[in-house]
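Shared chain: subunit A. Partners: subunit B in the first complex, subunit C in the second.
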Partner chain A sequence: MAVIDAPVAARTSREVNRQARTAWGLTTPALALMFLILLVPVVVAGVLSFTNYSLGNSSFDWVGFKNYDRLLSRSTYEKMFIATFTYVVVVVPVSVALGLGAALLVNSLGRIGDVYKTIYFLPVMATLLAMAIVWEFMLHPTIGVINQTLELSCGTFLEAIRFFGNGCADGFPLWLGDRDYAIWVLCFIGVWQGFGFNMVLYLAGLTGVHRELYHAAEMDGVKSAWERFRLVTWPALGPTTVFVVTISCIRAFQVFDTVEAFWPQGGGPNKSTYVMMFAIFEKGVQQNLIGIGSAITMLFLVFVMFLTLIQRWLVERKVHY
Partner chain B sequence: MAGLSIRSITKRFGDTEVLRGVTLDVADAEFVSLVGPSGCGKSTLLRIIAGLEDPTSGEIEIGASIVTGTRAADRNLSMVFQSYALYPHLTVAENIAVPLRMRSLSAAQRLPFVGPFLPGAKEQRTEIASAVQNAAEMLEIGALLDRKPGQLSGGQRQRVALGRALVREPAAFLLDEPLSNLDAKLRVQTRAEIAQLHRRLNATFIYVTHDQVEAMTMSDRIAVMMGGEILQCDAPSVIYEDPNDIRVAEFIGSPKINILPVELGHSEMTLFGLVLARVAEASKAGVYHLGLRPEALKLTQAEPMITGTVAHLENLGSEVYAQVALADQTARVTLRATPAERHSLRLGAQVSMSFDLQDALIFDVDGTRQRRVEVALSNEREVA
Partner chain C sequence: MTRDIWKHLILVIGAIIVLAPFYMMLSYSFKSPGEIDRGTGGFFGRQEMMVDERCVQLRDPNRDEIAAAAPQYPGKSDREIRDAIMEEAAVACAMRPVVFNYTKAFIEAPLLRYLLNGVIVTVSIFVIQVLVALPAAYALAKLKFWGREAVFGLVLFCLLIPVHAIALPLYIILAKVGLTNTYAALVVPWTISVFGIFLMRQFFMTVPDDLIDAARMDGMTEFAIVWRVMLPTAVPALLAFAIFSIVAHWNDYFWPRIVVTGSRDLFTPPLGLREFKGDADGSFFGPMMATATIIVTPLIVAFLVAQRRFIEGITLTGMK
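Presenting the complex of A and B:
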């Protein structure tokens, strides 16, 4: 037996080797591209974040953790973190909740639902840069539609409310020019622009909810819409929610075009809207400080990676039954 | 536990009439099957009884109260769905507890975190837990209580769905093709278990199925539905032996009943030119259908009534079914033979068959049973 087996075994192992070589051969182009366009730039950015390199310079000095140290100590960057996290913490929950609410409402409608779907999805399809210009006109302190509308309240009972009272006396907010309002306006536009996308994702998720589960819930004595939502809809939307939250977080971290359109000169009044993406652009591109730009980029990557890991963990543990 | 009565229920979806004035009375503790081909309206009827669908007209009465306008959650019925419809994020124990939680805990007591600490909640929760334990033991799924539905096999899920239905005491159980997702072997086993459960709980069961074997083996009465109507509602043996309609006769029984055309003249009945019987009483002359169950046909050598060649054989071990292509006819008949007779049944073999006219069912061309003709035939035979 052993005499017969040995060549067979050898042949099998040769066969396995050949298959493995072919497999690697076929994977190589994809691997090469992944290294070249994804991993190498990340590594380069990582290396550059420890230097004071500027584009066009023939050489650079190693500066160690000086760039990172600056990020954590200078007040500009403190404002950057505050602006970025305020934006993320406001826009993500609000746009997810609104997206879910809109999806549930649209889903309960018949044909008219399609009209709403289109309307809510319009801001997602529109170019944010163009929309930002429209918003800029609307938010103009004197000739903008918003302040003109608010001024209509002057002389009416609405003046009793402090906001309107102050506005009528001293003029309504400057919105984009006011450091107390600028970040909230930015958040509002972020929500306005983003929740339609979440709605579409949730609508897709809702089609996957088993209809018979609602009937089972009804037979089990579930009477209120809230209980039905808690028992059937929300658990069924678990995977969708994880995806929506992750994608919303990443999009919120990436906010850039509105900031660039409203405040091209640098991060809004008193740097109150100096978000990370804009900081990378300003330092790395406008001021040609590649080192510090790379350091912010690395930090940004860490945040996104962290979110992705949380998502993976949730998807694998919690939301798939 | 209560009886149920359904009075002239109609249901229209747009222009299509799914149910046409269905009336059915179900006694307390009775097991009634609604059986029929797909699209006959049996599931719609069950959903109307449950309250998941509104009838276009008609009334439903459970116990002594009319519930037509009442929503499903308030009708005190339990339902087992074809897909089981278990909540995928809850464990087996939590799934079974849902109907009790929804009915015996207040909205505040159901709240997460806070709920368990509200007054009265603890006793209620202990009661629910013991009810769940009892239901699980009755169905032998006690070991599975901590698993999620995704970790269970089809048969286990089916038991959990049953458990969720019987954990409280509803007025009636509604079952919508609960066995159709199980493999054949498990189906036979579960069939017996559901029948036993019915005897043990002594509750009213309404069971929808397209499988006539399930209906025959489990029910006290079978309601055969077709085209949105109940054609006949009777005990299984009556439905099989004494159907009112050719459609009932054809639907119930496997293999299907043999239908042969017979001609009734003024004085005799003929089958393919052969005189079967004489009729003295003047019955309406014309073409009729003769229904013969496969077991009514007997192989014979002397005085054959029909002859043909064996076209197909199915040997089930305990019995043999032969499809016989009739000589000079396009029709085929199915014959049930004992294993002892197997040697004479080979493919292509010539066989001769006879039958007792008493075993035959006679229908007119519209499919209505003609008992008067049958009586006339048997009277004549007795005289002869």
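Presenting the complex of A and C:
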């Protein structure tokens, strides 16, 4: 037997070798690009964040943790963190909640609901920069349609409300130019753009909820719609929620287009909308302060990776809360 | 039934807020500057003839032109001749606001060039992504080789790195190599789609081994199997991935903003619109909105036509 098997074994091992060689041949381009485009830049940013390098300079000095020190001590960067986290903390829950709400309503309406689905998805498809410019027009303090509409309230009962009363007396807010409103307007547009995406993900999640679960709940005496949602729908949507929250967080962290369109210089009134992506762009690219830009990049990567790892951990534990 | 009415009411209010900017964009792109300033004219504007000031200025005759035109206006002073010519110019330059806005959009900036650049960039990104990702995904899904787990682990790790986040070091590297302000700079960072590899691998896992064995029996090389057997089976997944990729890169503003600084020749549509905004005075709101409409329209129309596929494509990221 062994005599007959030997050549077969040799042939299979040759076969295995050949397959391994082809496999490496097929993966090499992807591997090379992964290293060059994704991993090398992370290392480069890590190294440069300890230097005072500028493009065009032939040499640079090692400055240790000075760049990180600055990030944590200067008030500009404090504003950067406040703006970024305010944006994330507002946009993520609101767009997830609206996405879920819209999905539940659309789903309960059957085929007619599809019209709303189409409409709510439009902002996801549209070029955000173009839509930001439209919003800017609409929010224009004098000729913008929003303040023109608000002015219609003047002279009516609405003036009794403080917001309208003050607006009619002293003019309605400047919106994008007003440091008290700027970040909230930015958040609003973030929600406007993103909740349709969450809705669609939830709609996909809802198709996976088994009908029997509702029947079973009814058998057990669950009558009200709220109880049905709390006991059946919400737990079944657990994995979808984990995913929707993570992807919303990552997208919210990366907000840039609207900030650059509204405030090309300096990140808004009193730096109230100076988000991290804009800071990387302004410091690193425009002002050529690559050390500090790289330090922000590294912090940014830490946040994003941390979020994704939490998500993977939750998914692996198959959390149904 | 009454419950449904409440649902519709809530959803309609939502729809109005979502659609408002689209409505305003279209409406502004139809209106004359005056109507935009005053906020009058309804959706389409009144479409009264308006005079294009810049066009009239261009026809303002100089001395030689007045002298040349003199025989046509016998017995008139130079001043009267100029007035007559300007009057003719005003007539010739009169047009409907909607025509004015949309022609200006194409004339004031090389919008066609921008659109072409957008197509070139998005299409090359997608093609290269597929050329790189498909073989790797096939190897990871169907070939046994030493180190496969490590490669797949690397893919999973790289999924953690958003390309936008490492834009600064990428920009520095490209600047060092001297590639900024080229098509290559716009395309290169996106050539590797780790997500694409992951997605195609998951898809190939579901393809039966018999299909591949049969192809091997027929004497096909592994390379041929990737393109002649696996590619055709992967068409639905590839279509979804194409939509995902094209929507992301047609709309991308951050990366082009970083690597294209000088020449308008390389501007993608969002960059072109941004520049338009930079030097626009009040009277150019109309043409700018026309530009915005032109840039947004292709994807919106495609979406409305093939809605299901688009939603599938965009929500691909939802696959685990």
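For this structure, a couple of remarks:
Quick note on the criterion: the second predicted complex is superposed on the first by the 286 of 321 C-alpha atoms of A that agree within 3 Å, B and C clash if a C-alpha of one lies under 4 Å from a C-alpha of the other, contacts with A are read in each partner's own complex, and residues count from 1 in each chain.
Keep in mind that, in the parts below, contacts are C-beta pairs under 8 Å (C-beta built on N, C-alpha and C of every residue); 3 or more make two chains touch, one makes a residue touch a chain.
Since the model is a prediction, treat every value here as computed from it, not as a measurement.
Set side by side, subunit B and subunit C differ in how many residues of subunit A they touch, and the one touching more is C. Contact with neither subunit B nor subunit C is seen for A:Val89 once the two complexes are overlaid on the shared chain. After overlaying the two complexes on the shared chain, residue contacts for A:Val302 are found with neither subunit B nor subunit C. Contacts of A:Glu218 after superposition on the shared chain: subunit B is touched, whereas subunit C is not. Judged by the touch definition given at the top, the superposed model places A:Gly284 against subunit C, while subunit B stays out of reach.
Residue ranges of subunit A in contact with subunit B, taken from their complex: 210, 212-213, 215-224, 227, 231-232, 235-236, 238, 321.
Looking at the complex, you find that subunit B touches subunit A at residues 47, 50-52, 71-74, 77-79, 81-83, 85-89, 98-99, 102-103, 107, 110, 148-150, 164. Interface residues of subunit A, counted against subunit C in their complex, comprise 16, 19-20, 22-24, 26-27, 29-31, 33-34, 37-42, 44-45, 48, 55, 102, 105-106, 108-109, 113, 116-131, 133-135, 137-138, 143, 145, 148, 192, 196-197, 200-201, 204, 239-240, 243, 247, 250, 254, 256-257, 260-261, 264, 277, 280-281, 284-285, 290, 293-294, 297, 300-301, 304-305, 308-309, 315. Subunit C meets subunit A in the complex at residues 4, 7-8, 10-11, 14-15, 17-22, 24-25, 28, 36-39, 131-133, 135-136, 138-140, 143-148, 151, 154-155, 158-173, 175, 188-189, 191-192, 194, 197, 221-223, 226, 247, 250-251, 253-254, 257-258, 269-270, 273-274, 277-278, 285, 288-289, 292, 295-296, 299-300, 303-304, 307, 310-311, 314-315, 317-318, 320.
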